[in-house]
Amino acid sequence: MIKTTAQKIYVALIFIFLYAPIATLMVLSFNASRTRSKWGGFTLKWYAELFENEAIMEALYNTLLIALLSAIFATLIGTIACISIHRMRRRTRAIMIGITNIPMLNAEIVTGISLMLLFLTLGVKFGILTILLSHITFSIPYVILSVMPRMKQLNPSVYEAAQDLGASPARAFFKVVLPELMPGISSGFLMAFTMSLDDFIITHFTKGPGVDTLSTKIYTEVKKGIKPEMYALSTIIFVTVLILLILINRPQKKKQA
Amino acid sequence: MSTKLIDLQHITKSYDSNVILDDMNLYIRENEFLTLLGPSGCGKTTTLRIIGGFEKPDSGVVLFDGKDITNLPPNKRQLNTVFQKYALFTHMTIAENIAFGLKIKGKSKSYIQDKIKYALKLVNLDGFENRMPDSLSGGQQQRIAIARAIVNEPKVLLLDEPLGALDLKLRQDMQYELIRLKNELGITFIYVTHDQEEALTMSDTIVVMNQGYIQQIGTPEKIYNEPENAFVADFIGDSNIIDGIMVQDELVEILGAKFACVDKGFGSNKPVDVVIRPEDVDLVKPEEGTIQGVVTHIIFKGVHYEMEVSANGYDWLVQSTDMFPVGTKVGIKIDPFDIQIMNKPESEDEEAIAIDA
Amino acid sequence: MRKKLLAAPYTVWSVAFILIPLAMVFYYGLTDETGAFTLENIAAIATAEHSKALWLSLLLSLISTIICFFLAYPLAMILCRMQVNQHKFIVFIFILPMWMNFLLRTLAWQTLLEKSGVINNILSFFHLPTQNLINTPGAIVLGMVYNFLPFMILPIYNSLTKIDPNVINAAHDLGANNFQTLLKIIFPLSLPGVVSGITMVFVPSLTTFAISTMLGGSKILLIGNVIEQEFTQASNWHLGSGLSIVLMIFIILNMVLNTAFDKEGEGNVI
């Protein structure tokens, strides 16, 4: 009994450690006083100012656009890569998987500067395109990581059986193989999307002047000094993520019950 | 008769309002091979886990050699378990697995070495000391799990469906192996299985369980030949279980015909269940039978033929070395000693048990 | 023919965006402005300023990793033992902060730790002396632990859930008490999770520059800050690349150490 109480206290302490800072931000986002030291009454004006701040709104648009596009391209390239890697000879496969692991294992700062050097040398104009190419690059390994296990589980006879029953190879692939891979593909897409949303370091090195995603915008704002709009932004992001994750997790919970 | 080594008294256990064991009483004698037999969810594994110390009963006591061990943790009990799916320590060699319990007890190096050698010899795996568990077959892993348990010289060895994951041939070999081990070690085995054949082959005593209740305790012969209720009869081997009326002592009416039997004391004109094993149904010429029927199916089973005979609205399952082609008119005759009379379940609870079976 | 066609997009992509960029880091790191081969950019790590930044980075990331491990392991064990219907939800709760932008999470600590921040406000409310919390190495460690703790919890938790409960029962059955079971059975079997947790905390801690900028002020420079400045401010790509090569050596060293330790652990831990 004492033991379980101690365990509960421990879990609660870590919970507080993880959430107290976020809760503080959320409370301060409603604080009318610009200084943190005083509670100046409840206000929504920081939210209004946030939505009127064109630079932040543009950064938000860029972030979502890049996340969506990079997730789509990464999923496409990653899935095709999985199918081809799966069919490779053992040795070639090991090499390909080794290369795939590089962006995941390497420090983000090194990946960031390496891409920056590439774009500089090629003379590509830094902007949305360079960020997008970089995000696709570091997202592909995560897609491969989640599709590959599905690919290995796939019973090769399924594809052959479909053809045996008269389906053309293409039809057999789209009707039989692809649906089997689908859970891996969709979780790979989600991972790529979140990785892109959350990235700061690589974006920092591959963005051009004047082009910002939310992460880089926050970084420059924070360096200049904290603005209460940032608290409002944090609150909105946290609540959005919370709602999205609860919605995603809901059907699974029902199944379990 | 030897003494009670383990005594379970009034054990009740439930999970989230699901009653797994209900006021169970059971004792295990020293040097006995006792099998807990029943379908999944009958409470046999829970019983074993309570004896092993991995579960605490909601109420009731567990006595070991007369001492109350209900609240004693597993590491303090004088018994060892062979787990389902072996539960070997995959990060250790075979020798380290076997040595684990002995090292904990602080035995000397030379003692441990001797014990490892002895245990591996006992389970016919000499020379496996430095192999890793993953490199062994299922049957070999099973033997190591047994070796790991017995080097600790437990008074009781608990075995939780130890042969469940093995294929048929290996399972049969291991059954003989276990009997040999039991005799060589001279300790008590408590064995959990849902396989009636395993239970009949190895046990001194079988405890048939269903839905948290003990249905019958007895020797394999007794359980097979004299099942106490329809569940036991149905679970152990094939049976014809037919509604009957006990007309008077030593006379029962089934399907409109009267059969002589040897049971007494059921009262007169009382509804009962009648159990007749398929090998005990004698097929004779129609005029010689107590009732008459027609053979509707026949399958060759090797040792015997298995037939279905439709007679007086019931499909009788019959095993016989004689062959009667489909369509043959036959008579059915039954020796009074082969007729088992059982009381109809009384409470709703028991009814549920019978239906579920 | 079709096989090659399928393999083409990713092969081209990984050569163009993984291998060539990496090769360029090595090219710039090993040459000077004239393009001649030199080891000067790598040797530059030995200068007082750079080596101080490197040692500080190594020290702080090591401390953060150790703290994360000791916080995460008990937590993962507790989560693992919870009832099935509960623990999915609870694990979800401990992963949730990871989904929030990491700069905003760090911003939160800035708000708490600042001179006129929340903690000092609370302290002065109780008439306690205010503390100098921000712009210290401690604040950086706190930021690292806070940001990367879930990366330690998750792999350890995953490896713990994979352990067959009967293996733990078997250890108890053979006479081991809770502590012996933890030391000889549970910990060795969870080593793969521990190793990947260590990597997932150590590498980003070692190479971060955002956390040190936001919580360490401009005075405390980590190796990440130095490299970042060489690229964005000083525009000395050669020096920046050279120092990146040094950084990669430490990352590879960490991985080699981890795999070696893991193998040893799988063999004979007793």
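A few notes on this one:
Order of writing sets the chain letters: A, B and C. Residues in each chain are counted from 1.
Throughout what follows, a residue touches a chain if its C-beta (ideal position, glycine included) is under 8 Å from a C-beta of that chain, and two chains touch if they have at least 3 such contacts.
Values in this document were obtained by computation on a predicted structure and should not be read as measured data.
Each chain's centre was taken as the mean of its CA atoms, and the one lying most distant from chain C is B. The busiest chain interface, judged by C-beta pairs in contact, is A-C.
Averaged Cα coordinates give chain A a centre that lies 18 Å from the centre of chain C. With centres taken as mean Cα positions, chain C sits 55 Å from chain B.
With touch defined as above, chain A holds no residue shared between interfaces to two or more other chains.
Across the complex, chain C is touched by residues 52-54, 73-77, 80-81, 83-85, 87-93, 96, 100-101, 103-105, 148-149, 152 of chain B.
Residue ranges of chain C in contact with chain B, taken from their complex: 164, 166-167, 169-177, 180, 184-185, 188-189, 191, 265-266, 268-270. Partner chain C is touched in their complex by these residues of chain A: 7, 10-11, 14-15, 17-22, 24-25, 28, 35-37, 77-78, 80-81, 83-85, 87-88, 96, 99-100, 102-103, 105-111, 113-118, 120-121, 133-134, 136-137, 140, 194, 197-198, 200-201, 204-205, 214-215, 218-219, 222-223, 226, 230-231, 233-234, 237-238, 241-242, 245, 249, 253, 256-257. Chain contact summary for the complex, chain C toward chain A: residues 3, 6-7, 9-11, 13-14, 17-22, 24-25, 28, 71, 74-75, 78-79, 84-85, 88-90, 92-94, 96-97, 99-105, 107-112, 114, 116-118, 121, 146, 149-150, 199, 203-204, 206-207, 209-210, 213-214, 224, 227-228, 231-232, 237, 240-241, 244, 247-248, 251, 255.
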